[in-house]
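Naming follows writing order (A, B and C), and every chain is counted from residue 1.
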Amino acid sequence: MTLVGLETPAAEPPASPAELAEQATAAILADLASAERGVVVDSPPGAGKSTLVVRAAAELADTGEQVMVIAQTNEQVDDLTERLASTHPGLRIGRISANEYVPSPRVARYGNVTVSAKAADLVGCPVVAGTAHKWATVHDASWPWAIVDEAYQMRSDLLLRVAGLFDRALFVGDPGQLDPFSTVQTERWTGLTWDPMQSAVAVLLRHNPDIPVRTLPVSWRLPEPAVDVIAEAFYPFSGFRAGTTREQRRMEFTTSSFATNPFDEALETAAESGWALYELPGRHTVRTDAEAVTACAALAARLLQRGAVAYSERAVAGASVTADRIAVGTAHRDQA
Amino acid sequence: MNGTEAWLARIRGRALPRSHNARTIAALASNPGCARRAIMDAAGVDKQRLAAHAGFPASFGQSRFALTRGNAFEAQVKANGAAELLRLLREHLRLPIPEASYDDLSEVGGNISLELRHVRTRNMLARAARSPNDARPADNARLASDAGTMFDHPLLRLEVGGRYAYLEPDLIAFQIRGQFRVVEIKSFAVIDGRADGDKVAAAAIQSAVYVLALRDALAELGIPPAAVADETILVCPENFSSRPVAASLDVRKQLTVLRRQLSRLDRIDDLLGLLPGDLTFDLDPDGKGVPQRAPADLARAIRQVEARYAPECLNTCEMCFFCREEARGRTAALGRDALDDLGGVEQVATVLRLVRRALETGRPAPGPGQEPGQNLGPGSDMAEAADLLRTAARLRAESLGEAV
Amino acid sequence: MSTLTSLARAIAQEQQAAQPITTVRHVHISHRPFVFIPLALAGEANAPLAAMAGDDPGAPRLLTVPEPRDRDQRFAFAADLAAIILRYIESYLGDEETAGTTKETRTRYADAPQLLVPNPAGVAFTRLLGRSTRFRRTEGPYAVAESVPVLGRWLTFLAERAEHPASSLMLAVTDALALHWATGQSPMEDLNLGTLLGWIDPAPGLTGVQAAARAEDPVHCPPAGPATDPTFDNEVLESRFLAVRTAKATGDGRAMQRAKATLADALATQLTPTWTLMWRAVDLLRRLPPGDHVATRWNQDKDAFTWHANHLRDGGPPQPRRDSAVPAARRLAGLEKVQAEYAAQRAFDDPLVMAEYRMTGEAFAGTVTAAEPDRVDDSGRRRVLRPRITVETSDVVLAEPGASLTSPARPNQAARVLSVTAAGDRTSVVLELKGGMGRALTPEPGSVPTTGEAVCYATFTDGFQRLPEFPDPEDTPWTHGGPPPQYVPSDDDAQEEWS
């Protein structure tokens, strides 16, 4: 519908999710340029955290600043290295690793990546990436900038071991994640600003309250109907919105449902609202509950049988849901 | 008095009603599935007295030394219009308060109902919230811009299980620049900046109860929740002295938990619907107030309302020994994780029967008939639990070199 | 808890008697421990009310504080306690022994003191008593007896050791008992020394349940402190305090003596039952055979004791009020390392503890069905002895090919998993062994498991772990607040109120 003859010069059209996300990223990169000590970026799932890390690393490198990238696991470091190497083929990237690390093919295939256990071998690289544990063994070196990825997974005592290596830093992480873990139970440091059992971000902010905290406001992973549920449960204090709309992300079935099939009801609900809860009869069970496993498998099988078609911003015309596009999550490793 | 109130009054009997406080609400919220506690608290039953008469007195007594110390500390902080508190707020929290008025809302002349007192509290709070300095005549405009207002003993109420519970907290609602902060005074020590974690956690959840109740009171007048700060202020003695020290507590998490738990509480009406109409916990006092009701009869009445016992109840509920005795033989009584560890089997006897049968035959026991509420069909979860228990029993026997 | 412990609790509930959850003792029990039972005045942060203390079960010393809010009386209590505890500790500052490797030896005290308190709250009280006394000055305003700050530093040291999972220098007896027995009550109720012992060692003629129920009655079994029974406070203690205050006000010396004596009598009734329980617990623990690593860990305790004794002798400063950033992180790393080592050592010492790991698939036990003890690997530059064995087990095996396993029977030998094959409810694991077989190309006798031998392999080892590196405190980075100010004990510390 078009309205003719109405002039509303005062109200600007609301920004699209993509514009919002871009504005936020631009603001963060601008913050970096003027940051005295650094910036913290809170990122809900699928809000473009890795994209931000890669862009920030490349932009800092562009200005001639050397950047160390600190991630928590080798898997995460390889991910970032791969993305940096593929999007910035002209950028030399160092991958610092333990002696026994075998470079994964997805990193080794890039000519602009140098892998070494010694920081000295990588001095020529404007960007050097490694795990926090590896960085903790590096001495007598320093970087003007660090980018700390998954900073909410990092424990404060690990940050203490690496923080001497850099002057300023961009901390990026998902505040909805569980706090770091210790095998030791003690209240000895409760309430201290440098409590070693807290997350790196918590300790950093308590000592540097002036560091700006930004949020990536748009999740591209979660569909719109799921955002409210997730945001309320895990991000009660910041919140975020979905990058796509109900209309863009939806699912349809090519066969009709059986009234008698209990799984169909759950699938229909999920297709309509973005998520569904399939409730088993209430009873106490062992953690690896065969009944729950069977139900998960049956739901997945039924989803395939029903010939589901998923529509998204990447597949506007719809793509049929095949087995490789179904993920099953569990709360504990042994349940998988 | 509506039907629910009359029903609850009948359940309570002739005893004077006990009112909720932040501690009872926090305890209720920590075990929202316990209908027994929900009903007794809603009816204002004196649980301590009830448990004792039924033969299970709980040891929730308080030492007079602790009471004396607590009262003395509170009086010290509140003395002279809470001058000491004001100093703390300025120094520790860097609040720029040149002066503040102090109103004790407990001082209401005559015998006024809780409801009327609540209305008075609400009006005072509303006036302060709407135009920060109208609560007191502002004779000095310069001071007024930053002046604070303290309300001691506001009478609040909170909806619990579908009906209002009145709270008469020992708290100060401190208002400055249109925002209230809850101030709680506790007499446990903060030593070198740290205090007992359990006590701080308990204080935080109680403060959260007050924040909720304050917000409710203001919401009825159309004042948004932001008028009450998420940060509360805890005042405790410092180190080994009786000098007070203040700290900020961020209770956002507690508020989230509390709101969720309160929403999970079954509605009192629904719970009452499950109970026999003639249920009463009246102790049948004689002319001198001495209970005449037979303890066994009272115990029968208590058992009409289902409880959900967990060992944590021993810290929070006066009925705990009664419920513990009732729960003897249940795996949940053996510890927080015992039920899960034992494959969800609810009765100790069933656990051991499954173990023995499995060990005798080398196979999981067939579907047992004795476990109430369990699925007995083939492929039921009991087979898995039996498997788990058989492995545990085999390993235990093997390691001890003996039969189970 | 775990399924095995919960199962033991279920059995205990049914049998009405506690059940063992270990086959050996995992704590050191001194031949002459020092039992310390403090009582505190309700409502105060750390006001000593009384204590029963000593290393002779037949000769407890009773200390009382007639006016617990009086600062001078608190310090008098601290001085009295110091006289007993320091004499006990100093009795270990004589005999020395040589320790260390052949390359690097050191001297340490041949034995160390052991402080036993009833429960974790007793440890917390001790820590606070240490905190409130260690900064005191022995001259100037508010001077205290010379022994008071020394007591404070020893109590602080011991309470800090109590945080170490592997240390036995200071034990909460409820923890030590609960480590070895499962009762038919919950872990929370196990914090009550009386009920816990009721389950483990009921009085003749009583079941565990009956004994525990009896112990819950404060008249039969007063609380093991530091908190007192509120009824005792209100009905007994208050009037005895009043008598002391009255005698003081009237200046009646004989009345004061009488008042103090009746107060002491009352406090003794609250402490003596716990004193008896403590020594019964010591006896019970002593009767268990010690695990192999108990002596290893006690040696570490002796090292720590020696270090602290030398630190005191050399005029080192008292422990700071709190850890700054680097010491806190370093301490946490140390605790985590010790925790992991201690857990592994207990499993290696005790098949019933190892069974916990067999439940979860972190270890398996079975029988050797095939062995190639003389197998030599000549694929590399050097011919090396690499025997292979096949183990069949009915346990869950989560280890995957390539994983390195260790057996409690041969802790110096690494076993690499070559294959895992499941058939029915049994699993075959082929292992390649390395190390611990001597230098020749044939293994020393007994160094390789033989066919038919019962073996156990775990995914963890009892070996020492390395401590991570941390910056020096003066290099504390900006993320953690920068370098902390050097701690200098101040007059404020020394004159702090204690009321």
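In the analysis below, a residue touches a chain if its C-beta (ideal position, glycine included) is under 8 Å from a C-beta of that chain, and two chains touch if they have at least 3 such contacts.
Note that the structure is predicted; figures quoted are calculated from it, not measured.
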Next on the checklist: As a test of understanding: of all chains, whose mean C-alpha position lies farthest from that of chain C?
Outcome noted: A
Next on the checklist: For this structure, which two chains share the highest number of contact pairs?
Outcome noted: B-C
Checklist entry - Between chain A and chain C, what's the gap in Å when you average each chain's C-alpha atoms? => result 41
Checklist outcome for this item: Rounded to the nearest Å, the gap separating the Cα centres of chain B and chain C is 34
Item to check | Contacts with two or more other chains, residues of chain A listed in rising order | outcome: 192
Checklist entry - Which chain C residues reach two or more other chains? => result 322
Checklist entry - Residues of chain B touching 2+ other chains? => result 193-194, 343, 388
Checklist entry - Okay, in this complex, where on chain A does chain C touch? => result 37, 136-137, 156-157, 159-161, 163-164, 169, 182-184, 186, 188-189, 192-197, 200, 203-204, 207-208
Item to check | chain B partner contacts - residues on chain A that touch it in the complex | outcome: 187, 190-192, 236-237, 281, 283-291
Checklist outcome for this item: The answer for chain C against chain A in the complex is residues 163, 165, 322-326, 328-329, 331-333, 335-336, 339-340, 468-471, 475-482
Item to check | Contacting residues of chain B [partner chain C, same complex] | outcome: 59, 61-70, 187-189, 191-194, 237, 239-243, 311-312, 314-315, 328-329, 331, 333-338, 341-343, 348-349, 351-352, 355, 388-389, 391-393, 395-396, 398-400, 404
Checklist entry - What does chain C use to touch chain B in their complex? => result 1-11, 13-14, 20, 23, 41-46, 128, 131-132, 184-189, 218, 228-231, 233-234, 237-238, 321-322, 351-352, 354-355, 358-359, 365, 396, 496-499
